[in-house]
């Protein structure tokens, strides 16, 4: 296995804009979405913007859903619904959202994720419904 | 009233990064968060990233909560919980999230928002719980 | 049209237990779920139990989803996810949850509902994802 | 400690109507809400009604929030928002919802819960925001 196997960078416009990385290569099949928070990612209180937190949680969930199908983490899933609870303030520095499969079947998968500061502080949690995009129907 | 009254631009790092504007000057006291979607805001399917949609919806809701206090739209409210339903694909071009107060009281306000393409197509809806930041406690 | 057309009573064990009625015969195709709240439906604060509110909202949403298919309101839909915001205290007396379709397609439908006291006070709102049960797959 | 310490039965009208028990006496300070599902609790598919599932999850969460204050499990908390994901069909027989504190502070607590069949099958999960009722303000 080569170094960096399973790390997705700069894949989409949003990923390049915000600057997160997506790790779909861990043996627990839980995708990680990581960002080093700086002043581009903060709100008027100087803390991580809730919407940026949602971007990270959504990506970690969607890629974890994808890992239920194969090892690439790139099979497309659409977010149907996402509920996010904002537990604490995210500070500048490294933060990581890690997904976990809660349940589901062939086309719909329930996935949760926690967003955690590098010091272990829980920033936000999310859970949502993700739908497999059929190969012929992918937009 | 001067031109641009009530339009907030480039206020925070996240706002500058993503490039949306926030209109808190409408007589219906419903804040609008507007973005012209381009390739920086799309996901691997070429459509508006769900997380960016969440940023717009969250901002429209939070500023609408703020407008329950005064006309500035700048009194800080924290997002406690936000649930987002993704109804349809957002396409490149103009999209606007518009908030509406659902209920609440002194410190907690329930707010919903719809995110709509300029052609009227509904992209996503959200509802959430927002908490007033006491003046002495604002981070 | 006969009196009581479109009113479903005592159809399921839960409906008989709690005592609500379901109206799927209105021309706006929005299902109503109605309950006369008494001491069997209240929590330790003497107000409508949040779970009972969720029962009413869930039923109104599911039946409204069903009305997207035909006039019977009985085509089965499963609740995939439901988010409920509790706006105010429900008091003993009549309350009605009314559904509305937000969006969706062939198999998944997004539906919202408001639960309102007879005097017009908003008690709770909900939105959720509902899935059509294929005829051959209904449990 | 007497047998049955920490078991709350028949406390409210809703509890008597539906017939669940609430266990607030476990050393992990996670409240359990238990129901033996029978035909009074099922929907038109013969499976546990989603609203009844929400009742159990809501009670387990609220009582777990209460256990953050003292051992009684009876300090009142109001449900502000509750999101429920329906993972699988609940069958007649014993089911238990178990709460867990996710985060929070003085007045708002984030709590999650899982509803599990006695054979270990996950039926539904929930997470929500719960607010402490001040002693002077309890309705």
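Per-chain residue numbering starts at 1, and chain names A, B, C and D are given in the order in which the chains are listed.
As a working rule, a contact is a pair of C-beta atoms (placed from the backbone, for glycine too) under 8 Å apart; a residue touches a chain by one contact, two chains touch by 3 or more.
Here the structure is a predicted model, which is why all the values come from computation and not from measurement.
Chain centres here are means of the Cα atoms, and by that rule the chain farthest away from chain C is A. Each chain gets a centre from the mean of its Cα atoms; for chain A and chain B, those two points are 21 Å apart.
Once the centre of each chain is set as its mean CA position, chain B and chain D turn out to be 33 Å apart. Computed centre separation for the pair chain B/chain C is 29 angstrom, with centres defined by C-alpha atoms.
Touching of two or more other chains is recorded for residues 80-81, 83, 85, 129 of chain D. A complete topology is adopted by the chain contact network, contact being made between every pair of chains. Of all residues in chain A, only 80-81, 83, 108, 128-129, 131 touch chain C in the complex they form. For chain C in complex with chain B, the touching residues are 83, 85, 87-88, 102-104, 110, 112, 122, 125, 127, 129. Those residues of chain B lying in contact with chain A across their complex are 11-14, 16-18, 38-47, 49-52, 54-56, 58-59, 74, 76, 78-86, 89, 133, 138-139.
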